[in-house]
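Lettered A, B and C in written order, each chain numbered from 1.
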Amino acid sequence: QEISDTKFGKGLINFTAKDSSFSVKFAPRIQFRSFTSWDYDGENYEDLEQAFLIRRARLKFDGWAVTPKLKYKIELGLSNNDIGGANEYTGNSPRYILDAVLKWNFYENFELWAGQTKLPGNVERVISSGNLQFIDRSILNSRFNLDRDIGLQLHHKINLGENFVIKEKFALSQGEGRNIVVGNIGGLKYTGRLEFLPFGEFTKGGDYSQADLQREETPKLMLGAVYDFNDDAVRTRSNQGSFMAFDDGSLYMTDISTFFVDAVFKYQGFSFMTEYANREASEPLAMQPGETDFAEYVVAEGNAFNIQAGYLFDNNYEIAARYSSNDFNEVTNLLGLEEYTLGGSKYIVGHKLKVQADLNYSRQDGMSNYIAFRFGFDFHF
Amino acid sequence: QEISDTKFGKGLINFTAKDSSFSVKFAPRIQFRSFTSWDYDGENYEDLEQAFLIRRARLKFDGWAVTPKLKYKIELGLSNNDIGGANEYTGNSPRYILDAVLKWNFYENFELWAGQTKLPGNVERVISSGNLQFIDRSILNSRFNLDRDIGLQLHHKINLGENFVIKEKFALSQGEGRNIVVGNIGGLKYTGRLEFLPFGEFTKGGDYSQADLQREETPKLMLGAVYDFNDDAVRTRSNQGSFMAFDDGSLYMTDISTFFVDAVFKYQGFSFMTEYANREASEPLAMQPGETDFAEYVVAEGNAFNIQAGYLFDNNYEIAARYSSNDFNEVTNLLGLEEYTLGGSKYIVGHKLKVQADLNYSRQDGMSNYIAFRFGFDFHF
Amino acid sequence: QEISDTKFGKGLINFTAKDSSFSVKFAPRIQFRSFTSWDYDGENYEDLEQAFLIRRARLKFDGWAVTPKLKYKIELGLSNNDIGGANEYTGNSPRYILDAVLKWNFYENFELWAGQTKLPGNVERVISSGNLQFIDRSILNSRFNLDRDIGLQLHHKINLGENFVIKEKFALSQGEGRNIVVGNIGGLKYTGRLEFLPFGEFTKGGDYSQADLQREETPKLMLGAVYDFNDDAVRTRSNQGSFMAFDDGSLYMTDISTFFVDAVFKYQGFSFMTEYANREASEPLAMQPGETDFAEYVVAEGNAFNIQAGYLFDNNYEIAARYSSNDFNEVTNLLGLEEYTLGGSKYIVGHKLKVQADLNYSRQDGMSNYIAFRFGFDFHF
């Protein structure tokens, strides 16, 4: 048996080639979850439901090749939740590939990305699902995020004075989500994200990882804003949600714009994040040509708000709380949802080996809806 | 090109991190099969059928992390036979993950398992498909085994006197099989297995590997008994077989219990295994509410018996023979099946590189049914 | 972090076990593509379509085990294009496995292959999709190639005099393509390929890699001829194309023979390849038993021709041109297609990191059809 100079949490494989022609970190990871929920029938919490789930299981390769200026990332989904979503637009095949992207630092602070990866949307979505402080992301994220898409991105960074950093991220993508094999439908999607870090960069990329595991010695803040325009979008949530396909196979198309502002703050074990999201369509009701009464699909227009904070104790236990609400425009007939979450985490080896639990109380349209208790672990090389 | 201190059959990758923070063995494997069969039409064996198949192809990761007391196993299926079985309960996605489980030795001889893996059912099933002495498992196993499920397991071991070992294994699982994404349907599944090893542990885990490749110097015996109760089961073979779904989408539920006893014996190249299985349901006939005549599904109630033995010659050739029979209860209208198998194996590098062939003669309901000749190889890092 | 004695383009992992019990090269690779096309409406090029695509993403393991005389190859597809084609014959599961094959040099120049891999068909097909000098293969290949199948192959090589090499390749396969789980349908498929290399072997297997990256110092030529007979074939293109299944589930069967001649020439950066293909069926019209008028399927009988050449400049830029035409027999009612392609490639690290673009002009049945501009990169460890 060999001895290898790696460390748990730094990749199952992690090396640089002796001739400096490439580096690689290869890491499998799994998330085990248990869900228990009670529905509210108007008077009582009843109808207990329980489930175990391998929520996520992934294989991830990243590093650089030829030169450290050329980075790559390939991430594959393995769990049935990861690969779900096969339809005629994905060739009726499961969606194994999450990321397949090259990132080329071709000039100074400019980086050009080509391939499939996350769009520069709300911060909560871009944070890896392996770096969360609750069992899963908020309801704002699940209904409003921009997820992944295929195309090109341009990233740039400006250093102002000693600390102040500004980051600009632009993406040009197909706009139908990941793993589409039928080519571009409708028009392209344009995404821009601007980030301000007035007190300098977070330690070890902490703005894109929840919980202040680095225990920032000075306050760190990231303020972000995103504007996304999906020209002739064909899905109810821009590049996510149902494809708005009529019975004759034609797709309804309308321009959809999405807007986010978000903030991340960390200081000495305390972490805070807040987000606002808004989605508007130029014609939200998907009606057959000639039809004026019956909309077969409605774009999920609306607003959402999320706020969460946590504190990490010296023993690497954390408690965190979150409030999220989604409000959809009246035209959608979708009910508003609020969720209160109280979470606890024990970070045994940071986010790489952790045990988490959270308790969720939800209200739909102002009425009690359900209580859910969730626990699980992350195991991540 | 590098030189690595591993060995064929010990994993393609096999190392311990220098800081002792984890160990890993990574091994791909494939099984190639050729099947030739002749059906019996009452007078002659005719209707020759021939097939080639990549029966199994797998990627397996196992080892420990943080401490040798925390073991993990991740096994992925690759072949079309491995990943088959997509349906609405698996998110209409292929079933890629076989195992994703952590095993924590939290106290003395106690081990807690969490995740998806094989249930502690009949020994033949728990033995890896890479460690068989025939081309495939018996018909008892294919109709009665408990396969994999998701949940928690508790394993414990007692050492009595110098040699006598008792193992107790308990599992609490969802009860619908592997890779279910819709949560628990019906009730939970409870499995208990008790093992007695009166002459001590088998060399290198030989009770869970067929053929006596270790050539036990003293006789070794394992006696096992399993009781499994699936509360409100929804599949015709407990957590396997067809989902008993009515046209309205509702699922028929009935309690199903499964019982096994088995024995494994090995001594100086001789290996012997026998198993008995029994399945009973509280209400085996799946009828629509209000209906009394027509059962849309029937739980495969019945008994089965399997006995097999082999002898490994000094040159690592083995001959083995097997008799298996399945008897289903009259209510099921399923025909009984008997199978006689004569097998030969050449273990070139143990079970890791082997060539096998077997000849099968089958009788259905007492009548000749088919003859099948099968050969193939296993290639396993 | 470790230092590993490998090199970009020689595999992410590449080592020989210290005890010489096996060697392995493991390499992931991805192909990113952008397509832009304009259809010709009779007067103008209009109707611009644009698409981004992860065309191929693969994991490949190869090397030898136990002895260098026993080689293996396992290649897995990851992209939605790679794994597409699920149907009842593949167990309704995605086709994840491309190759799973052992190659045993059991005697002198004889090699026995067992498993699933490419058949010894036209050279263009057997060349890896990672070693092409255009964005993708020709239209001859897409309509006439023999692709992969499962079974046995026998390869042999004769050295005549100092340089002259003759290679003979025979395959016996199921004849329904890759990843079939339902056993052999119809009869077997028999393939033979003969190759003549009058001026000796190409440097580093250059006959099976496009572009003369080795800059052959002396002229090298390979002449090949293939004859393939698919007994009772059930697909419209022998072991490819639609399964000719009638509504009652039965399959139409007819013998299909395919014939190829091809040539590859390379000298000092110049590369040339040409191919001719022909397919004939004994009864090309798939009609229901008793029916004489209406054919539900037609075997794609016809001829095709492909010719291409490229020149690699000292700076590793290459320009290449290709002309391909497909002519189908009148009975098929399929329109003939011609394609002119002009390509440019920059081989940064040979075929392992390259950027390519090509411009295609197509004519259907002698009429202008479309213009397509394609570009992309290959990233291959």
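Brief remarks on what is shown
To be clear about the criterion, a contact is a pair of C-beta atoms (placed from the backbone, for glycine too) under 8 Å apart; a residue touches a chain by one contact, two chains touch by 3 or more.
Since the structure is predicted, the reported quantities are computational estimates derived from the model, not experimental observations.
Judged by the touch criterion defined above, the protein chains are all mutually in contact, each touching every other. In this structure chain A contacts its sequence twin chain B using mostly different residue numbers, the overlap staying below half.
Averaged Cα coordinates give chain A a centre that lies 38 Å from the centre of chain B. Shared contact sites, meaning residues of chain C that touch two or more other chains, fall at 4-6, 13, 94.
For chain A in complex with chain B, the residues that touch the partner chain are 1-9, 12-13, 28, 30, 32, 35, 49-54, 57, 78-81, 83-84, 86, 94, 348-349, 353, 377, 379, 381.
Residues of chain C that touch chain B in their complex: 4-6, 10, 13-19, 21-24, 26, 61, 65-66, 72, 74, 76, 90-97, 100, 102, 114-116, 150-151, 173-174, 179, 181-184, 188.
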